[in-house]
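These are the structures, in C-alpha cells.
Look at the two complexes coming up: chain A is in both, with chain B in one and chain C in the other.
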Partner chain A sequence: MSEAKSFRKPYKRPVDKLWWLKNKFFTVYMIREGTAVTALFAALEIILGIFLFGLCNLDAETATAETAAPYLWWVQDFLGNPLVIILNLVCLAASLFHAVTWFNLMPKAVRLFMNKNSTELLPDYIVKMGLYGALAGATVVILVFAVATI
Partner chain B sequence: MRQFLPTPSDEPIYWLMFGAGGMVAGIVLPSILVIMILAGLGSPDLATGLLNFEQVKGLLGNWLLAAMLFGIVFMLCFYSLHRMYHSTHDLGFHTKLFWFMAYGGAAALAFITLGLQLLIYFKLF
Partner chain C sequence: MEQTANNKTMKITVLRYRPEQDDKPWEQTFDVPYHHETSVLEALFYIKDHFEPSLSFRWSCRMAVCGSCGMMVNGVPHLACKTFLRDYEGKDMKIEPLDNFPIERDLVVDLSDLIEKIERIKPYIIPAPKDRNMPLNKSYIQTPQQMAAYLQFAQCINCGCCYAACPQYKLNPDYIGPAALTLLYRYNIDNRDGGKKLRAPFLNEENGVWGCTFVGYCSEVCPKKVDPASAIQLGKKMSATDFVLKLIKPEE
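Entry: the complex of A and B
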C-alpha cells in the first residue's frame, strides 16, 4: 500500500438502478452477470449437504434411518422439495447460459497462435469446439460415474 | 518530494480464481445440477437410488474425489462472489465494504467446506 494519503474525492454520478432494462444488450449482460447468483446457490446447496452429512452418526456399524437422518432430510425433503427442484432447474438453465457466453468470450480472452512464426490466430471455432467438447465429456463422465457408483 | 511508486495489485489472484471458477461453472456445474435434480426426483434411500447415503459416504471418504469436490465448491464460491462484487459497481455501489463481504464470504465458505470435509474424512477412515 502507498503511504501517501489520498485526498481524492471522486464524483459519483447518480445511477438509475434499472438502467439495464432499457436496452436489450444490457439486459442480456445483466442476466449473464446474474448467473453468478445461481452458481452461488448451487455451491451453498452442496455445502449444506456436506454439513448435514457431517451431522450424521458416521461411527455406526450399519447406517440406519436414525443415524443418517440429517443427510436423508437433505436428499429427500430438501432436494425433493418442488421449490428447490424448480430453483435447481433455473440454476441448470443459468449454468448452461453462462457456459455458452463463457465459451463465446474465451477466444477473445485466450489468444492462441497457429505457430511460433506467425501472428495468425487459431480460428475461434476450434477453441469453442474444444470447450463444448469439454462440457460434453465432463457431463458424460460425471453422470456415468454417478450412476455406476450407486 | 514523495515518490509515488506503483503498487502491485492483488487483482490477478482473484481474477485467476474467477477464471477457473467460470470454467467449473460452465463445464462441471451442469452435470452436478442434473444429479441433484435427479436425486430430488428419485428420493434416494440409505443404499438405493442416485446420491444415496452409502454412495456419498464413498465419495466423501475417497481423498481424490473429496479433494475434487472441495475444489469445485471453492472455485464456485470465489467465482460467483467475485462476479457479484463487480456487478455491484454496475448497480451504482462503489464501496470497499462489498469487497470485504464478497471475498471474506468466499474465504469463509471455502474454509467451512474444507473443515467439514476434513472432519468427515477423518471420522470415516
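Entry: the complex of A and C
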C-alpha cells in the first residue's frame, strides 16, 4: 500500500428541486408529463356524466325533463358552465400538445428494416404519418358517433 | 496558425473545486482569445497554459474518439473537443463538470458508477451453447443487415454525457442508465451473442429499462449519435416480450 495521503473528497452537487426549469428540453418534458392532470380531469368529468346518467329514471316510458334531470343538469349546468368550458379547452390543448410531442418521440421505439435484405431503416416520417393518420381516424369516428347520437 | 488578424475573446467561467482547500465548488472567469477553429478543449488548454496551471480536466484524443472530455457547456453535456467557441459567439460560456456525477477536482468527475454499471451488463459477446466449442480460427457469419441492427448502438465511447442529461439518473442514482442499457441492447441483438438470459435481470428490473420515462434528452446530447433513448424503448419491447413469453412457457 502506498504511504501517500489521499486528498480525495468527491463533491456531490445537491439536486435543485427546480432542475426542470433550468433547461427548455426538461420544461417541455415536464409539461408533457403534466398533461396527465388534465387527462385525469377529463376522465373524472366523463365518469361523473355516466354516473348521473345512471341516476336518471331509466324505467320511464318516455324520457322527460323530470326523469332525465340529473343528466340534463350535467349537460346544461355543469358542461355549460363557462369555467368548465375553459377547463375543457385547456384539456383539449394539453392532449394535443401531448400527442404532438409523443408522436415526435415514437419513431425511436420503432426500428424496422425496409425489407429482409436491406440495411435501410423505415424512415421516421412514415411512423409519424401512421400515428397522425390514426389520430385523425379516431377523431372522425368519435365525431361521427357524437353527431349521430344527438 | 493562420488566423492572426483575428483577436476575438470570450468570457469563460469555469467551475473550480480543489478537494484540499475547498468545501464546495466556486467559479473563476477568464478572457480567452479564440479563432474560428478553437474548441472548448483548446480554450481550456489556453487557460491552463496562461492563467491557471492548476486547472484539472480530462482529455486524450482531441477528436471525439476517447470519450474523456465530457463536460457541461452552458448547462448542456458536450465533448469539449467537439464543441467550438464560434457556436457561442457573442455569448458568455460556462464550463462545469458533467452533471449527476461527484466532482473529483475542477472539471474531473468520478465516473466509477457508470463504469461499474456498464461492466454489470456483460458488454461482450457470450457464445451461445451451440457455439461453445467453436474453434478460435473460425469466424461467425453475419449479414449486412445483422450488422446494421447493432452498429449504431456500438458507437458508444462511454463519455457519460447521456448520464449527465438524464433526469431519472439525477433523481435515482440506482437507475442503470442510458449507456449501460444501450450496450445491453446492442449485445442482445447481436446474432453472434447467446447471453440474453444472463443480461435479462438487468434489463427487466425496475432500475433497468423500466426506470426510463422517455425524456429523450440522452439522444439529443449524445456526441456519437448513438440514440440511447431508442435502444431503451426497444429494450422495453424486449423486456415486455420476455415477460409474456415466460407466462406462456415457464422456464424448465
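Keep this in mind: the second predicted complex is superposed on the first by the 133 of 150 C-alpha atoms of A that agree within 3 Å, B and C clash if a C-alpha of one lies under 4 Å from a C-alpha of the other, contacts with A are read in each partner's own complex, and residues count from 1 in each chain.
In the analysis below, a residue touches a chain if its C-beta (ideal position, glycine included) is under 8 Å from a C-beta of that chain, and two chains touch if they have at least 3 such contacts.
Bear in mind the structure is a predicted one, so any value in this text is a computation, not a measurement.
When both complexes are overlaid on chain A, the residue A:108 reaches chain C alone and has no touch with chain B. Looking at the shared chain after the overlay, A:147 reaches chain B, while chain C stays out of its contact range. Looking at the shared chain after the overlay, A:117 reaches chain C, while chain B stays out of its contact range. Using the contact criterion defined above for the overlaid structures, shared-chain residue A:20 touches chain B and also reaches chain C. In the superposition on chain A, contact of A:12 is made with both chain B and chain C. When chain A is checked against chain B and against chain C, the one touching more of its residues turns out to be B.
Shared interface residues of chain A (contacting chain B in one complex, chain C in the other): 12, 15, 20, 33.
Residues 2, 4-5, 7, 21-23, 25-37, 39-41, 43-46, 48-60, 69, 72-73, 76-77, 79-84, 86-87, 90-92, 94, 109, 112-113, 116-117, 119-120, 123-124 of chain B are the ones that touch chain A when the two sit in their complex.
The touching residues of chain C, counted against chain A in their complex, run 17, 19-20, 24-25, 75-76, 99, 102-104, 110, 143-145, 147-149, 167, 170-171, 213-217, 219-220, 227, 229-230, 233-234, 236-237.
For chain A in complex with chain C, the touching residues are 7-13, 15, 19-20, 22-23, 25-26, 29, 33, 105, 108-109, 111, 113, 116-119, 121. Residue ranges of chain A in contact with chain B, taken from their complex: 1-2, 4, 12, 14-15, 17, 20, 30, 33-37, 39-40, 42-47, 49-51, 53-54, 56, 58-59, 63-65, 68, 71-72, 75-76, 79-81, 84-85, 88-89, 91-92, 95-96, 98-99, 102-103, 131, 134-135, 138-139, 142-143, 146-147, 149-150.
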